[in-house]
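Accompanying notes for the structure given below.
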C-alpha cells in the first residue's frame, strides 16, 4: 500500500499512521521525495482501506498489488513528467530526443555536436565521460574534465546534458555539470549507486540490464524513488539473446509493457538496441510507434573515427534525417 | 554463385556450364522454379566471372557471398512479389493484412470472421486446422474437414486462405483449399517438409523458429526455393528469451535485417510476438514502421471463448481499429 | 489421473469406468502400449479416489498432478528399463554407452567403428543416415542404403543401432534395421512424427529441442507414450544460449530434474552439449555424475576427415579412454 | 604480449623496454602485483620476440594472443594457487569447500555453522553481510557489524571468511575481517569496484555475471590483475536462460573452458547454479568431475527459516553428506 501524507502531517500523526500500518502486519518505509511524502507498506494481508482512510495526516491511500510500489501506475492518476528547466520537459505529451556521441572526445567534437543539435532543435545531448569497458586496456573516457568542457559549451547553447555515472564517488564531482544522470546497463542492479542517486535532486535515467527483466528494471527505479528521488526515466536498450545478427535484441514489447506497469517516462535506445548503423532509423521509428516517450541515440561528426561504438553511430546527415522523421512520426502517432 | 539460364537453354549448354562450374571447384545444384531456371554453385574459391559469362545458355551470373544463395538480395535487382490472384499481391508496395482465429472452430465462426474481414477490405484470412500443441491431450484442430468448410465460404467471399501445414502427407489433401501454406515455428527446420513444399506451386510462408536465428530462417527458405518454389514469405513471430513478462520477445531488429539480406517479403506476427491482447496493436504498428510488408494476427468474435490463444486474440472492434491504423501507418511511412 | 486396467478388462468394464471418469468432468484417453493398458484422465477437479477404486477392471489408480501423465514418476514405483535384447538393457542399474560417427559414410568406416566398440565392450552404435542440415546444399546422409550396410555388419557384431528418423515416411523403411529410433533436436516438437512413433514397437530416444524446455521434452515423450509406445529414452544435448564459447550450453541441471520428474531413462550427449572435442570427456563424466543413465557421443577413426561434426568428434584412442573412465565413474558413483 | 621484469629492474631499463614496446605500435601498461612485475603490451602487429628478449630488465617475454592477457594460461607454466595461510590453499591439487548461509543472521547461527564446518574439516565459510536484493524493501544484510561478530568466532575456529563486497567504500571497512572478497554476479562488470580490488592485497573471487559470457568473466579478472592484485578465483554460478525449471542454468561447459583459457582456480556454485535444494548434490558432484577446484554452497541449521535463499540451502546433515562425497569424488577423479 502507498499512503500519501498531507503536506502538513505532524510527527505524531505519522507515528499514529505508522502504528496502524504495522499493526496490520505490514512493514513500513517512510519516503520523502522532491514532491511527495509517502509511507510504503509491504505486506500480503487483506485489509479494509477505511480503517486507515480517516486518520489525520493522510491525503490519500492506495492499494498497489505489484511488488514494486512507488513506480507502479496503480496509484497515480496521470503519468509522470520531468521538467529539466528552460522549457525542456520529458514524458507524456513531449517527444524527447537525446543525441550525441558514445564518448566525449574533444572540445571541437562537443562544439560540432551542439551545433548539429541546435540546428535541429534537439534540447538534450548524450555523451560518455566515464565509459564502462569490458577490457581494462580500452579507452575509459575523459572523466570529469571532459564533462566540464562539455558543460561549459552546452550551457551556452541551452542544451541539457545526460551522461553516465558509474559509481557513488562520482556523483558529487559530476553533480553541477549534469542535467540527467544515466545509470548504464551494467549498473542497473548496482544497488548502492541507486540508493545514492535517490538522495540527490537530479533526474536519473536507468537503462535496463544487459539481460535484465522488465520487473528488475522497475525494482531498480523503486530503489531510487524509495530513497527520495522521484525524477526517473526508464530506458529500453535491447537485451542479450542467442541471436548474433544484431548486437542486442531490441525488446519492442518492453515499451508498451513498461508504460502499462509504471507511470514513469520510457525512452528507447535504438543504437544499442540493434547496434548496426544502417538500421538505427527503422528501429527508432518502431520504438516510437510502440509508445516510447523519447529516443536516445549515438551521432558523431565522423562515425568511422569515433573513439567507441562507431559501427552503430549515425553521421550528422543521417541524424538530421532521423530527427525529422521522429518528429513527424510522433505527430502522426498522436493523430492516429 | 547463381547462374540464371536463358529460357531456351539446351541440355548440352547446361552440361557445358555445369562442367565449367565444377571445374572451378564448385558444387552445383540445378534449380527450376515457377519463374526461373538456375544453377547454384557452392564453393569458396575466387574466380573470374568473365570465364563463365560468355557461355551460351547463361542469361546472367551473380556472385553471392552469403551461404544462402537464392533467397539473398545480392543477386536480385528488385524485391519479390507474390501474386495470389484476384488482385491480392504480397510484397513491395502492398500492405498485406492476414487476420483470423488461432483455430478454425465452426462454420459460424468462419462466416463471422469472413464478414469482419470483408467489412474492412482485408483479403487474406488466417486460421489453423492442424494445430501443433505441446500436450497430446489438447485440441489439435478440425483437420481437413475444417479446411474444406472454410474454403467453401472463403472462396465465395473472395478471401484468400493461409493455414499451417504440419507434415508432408497433409500437403496433397490440403492443396486445393489453400492459398498460402504456412510453416509453423516448430517446423522451421523440418527439412523434409520444406523440401516437399519446394515441389508445389503455392506460396509458402515460413515462420522463424521458436529460437531460430535469422540465418536459419533464410536457410529454411533456401530449402524451398532450391527445391523449385520461389513463392516465399518470411515471418518474424518473436523468439524465446528469459523475459517472462511477454510470451515471446518480438525481435523488431529482424525486420530490417531480413529485408536487407533477402529479396523476399517479410511479415510480422504481433499476436505471438508479445502474446498479450492489449499490446498487439502497438507492436503491430511498430513492426510495420520497421519495414514489414504485412501483419498476421489473431482475431475472434469472442476471444475469451476461443479454442486456443484467446489471451492474445483481438475482438472484432479491436481488429477493426487496428486495421484502420495499419493502413494509415503504411501510407504515412511511405510518405515519410 | 491414470487408471491401470487389469489385463482381463472387458469392453463393458472399460465403458463403465470411462463413464465414471467423464462424469467427474475429466476428459479421458485410452492408451494401450506394449506392456500396459491405461485410461488417462485430464481434468482439474478434486475427486475421491475411492469412487473409482472399487470398480471391476481397475488394477490401480493414481493421481498425477503434472500436466504430462504417463511419463511422470508420480504413478510408477520403479524406474523404466528398456530391453533391446541380447543382454542390452537401458536404464536403472545399467550404464548405456552409445558411440559412433555423426554420419555413416562407408562400409569401411562402419567396420572400423564396430571393431572399436567391440574392443571396448560397447553394445550400441550411433550414426546418422538422414542428416538434418541447416543448408540444403550440405551433405544429407547416405539414407536407407547406408542404414542397410550398417545393419548387416552391426548384426554380425552383436551391436545395436540407434539412428535418427526425420519424417513419418522413413519409419517403415527403417524399421527392420533399427534398434532405437532417435528423434533429433529439430524434431522434438514434430508432433506427427511422435504420434507415428507411438504406433511402432521399437524404443524411441527423444532429444531435447534446440531451445526446448524440460517440460516440452516430457510432453513430447507423452505424445509417444499416449499413442501406444512406452519404450522411451530422454536425451539432454545442450540448449541454445547467448554464450559463444561453446556450441551449446549443456544443461547439467536437466539430468537430475528429468530423473525426478519422469520414470524414463535419461541419456546425455556431451558431443553436442559442448561441441568441442577436447572437452567432451569432462562434460561426459560430469553428466554421468549428475545421474545420467547413459552417454551418447561421437567418435570417428579420423575426426578431421569426418563428413560432419568433426570438431566435436573423438578419435578411437580418446574414445577408448573415455569409455574406461565412464565405466569407472559409474561404478564409483554407485558405491558413493 | 606480457613482459616479466626482473626483480631488480631499474627505472632506466623499464623506460628502455617501454620505448621498444611502444615503438612496435603496442600500447603498454605497467603492472606490479604482490608477486610479479609486468609490462602488458596491447597490439595486433606481428613482431620478433628476439628484438625485445635480450634487453636488460626482462626476465621473460610471452606472446598472448587472447584479448585478456595476465589471466590467460598462455604465458604461465603452472596453474595459480592462493595461499590463505594456516594451511588453507586454493587451486591445483587442493579441493576447496566453502560453505555457509546465504546471509549472516546472528551469533548463534555463526557458531552453529562454524561447528558444523569444523566437524567436517571444512576451512572456509561463506556468508553475506551486504546482500544485493532486487527489491529495496527486502533484507539487505547485517552489514559490517555482522562481519565483525562473524570474524571474531571464525578466527577462533581457524576458519577463513569469504564474503561479498558490493561497493568501493566497503573495502576498507571490511578489510581486516575478510579472507577472500567476493564480487557478486550483479557486480561482475562493476569496473570501479574491480579496479579498487586490484589495489588491495587480499584474494578476490569473481562470480560470472547473471548473463555474463566466459570472456567477460576473464576480462573482469584482468581488471583486478592489471590493477595489481593477482590473487584471483573465478566462479561459475549458472547463467540466465529461458528454462524455468531451475533458477539458473548451470553452465558445466564453463568449467573446462575456463581452466583451459586461464591459469586461475575455478570454483563452482551449485546452490545458485540450480537453485533447488534437493539437486544441489548431483550438480556439485558434476561440476567437481568437470574439473572445478572447489565448490561454494549454502548451508544453514534450518534452511526453511533462513533469511534468504532457503529453497536452495542444505541442512547440516545434507551438507555433511555432500562434503564426504565431494572429498571422495575429488580423490576418485585424481586417481582416474
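Labels A, B, C and D are assigned to the chains in the order they are written; within every chain, residues are numbered from 1.
Keep this in mind: contacts are C-beta pairs under 8 Å (C-beta built on N, C-alpha and C of every residue); 3 or more make two chains touch, one makes a residue touch a chain.
Owing to the predicted nature of the structure, the values given are computational and were not obtained by experimental measurement.
Q: Tell me which chain's centre, taken as the mean of its C-alpha atoms, is farthest from chain D.
A: It is B.
Q: Which of the two pairs, A-C or C-D, is linked by more C-beta contacts?
A: Counting C-beta pairs in contact for A-C and C-D gives the edge to C-D.
Q: Go ahead and note the Å separation of the Cα centroids belonging to chain A and chain D.
A: Averaging C-alpha atoms per chain gives centres 33 Å apart.
Q: Taking the mean of the C-alpha atoms as each chain's centre, how many Å separate chain A from chain C?
A: 50
Q: Please report how many Å separate the Cα centroid of chain C from that of chain D, as a whole number.
A: Whole-Å distance between the two chain centres: 38.
Q: Got the chain B residues that touch at least 2 other chains?
A: 211, 215, 240-242, 244
Q: Would you mind writing out the residues of chain D in touch with chain C in their complex?
A: By the definition above, chain D touches chain C via 211, 213-215, 239, 241-246, 249-257, 260, 273-274, 276, 278-279, 282-283, 285-291, 325, 328-329, 332-333, 336.
Q: Would you mind writing out the residues of chain A in touch with chain D in their complex?
A: 27, 29, 40, 42, 67-68, 132-137, 140, 166-169, 186-187, 189-195, 209-211, 215-216, 219, 222-223, 226-227, 240
Q: Along chain A, where are the residues that touch chain C in the complex?
A: Chain A residues touching chain C: 211, 240-242, 244.
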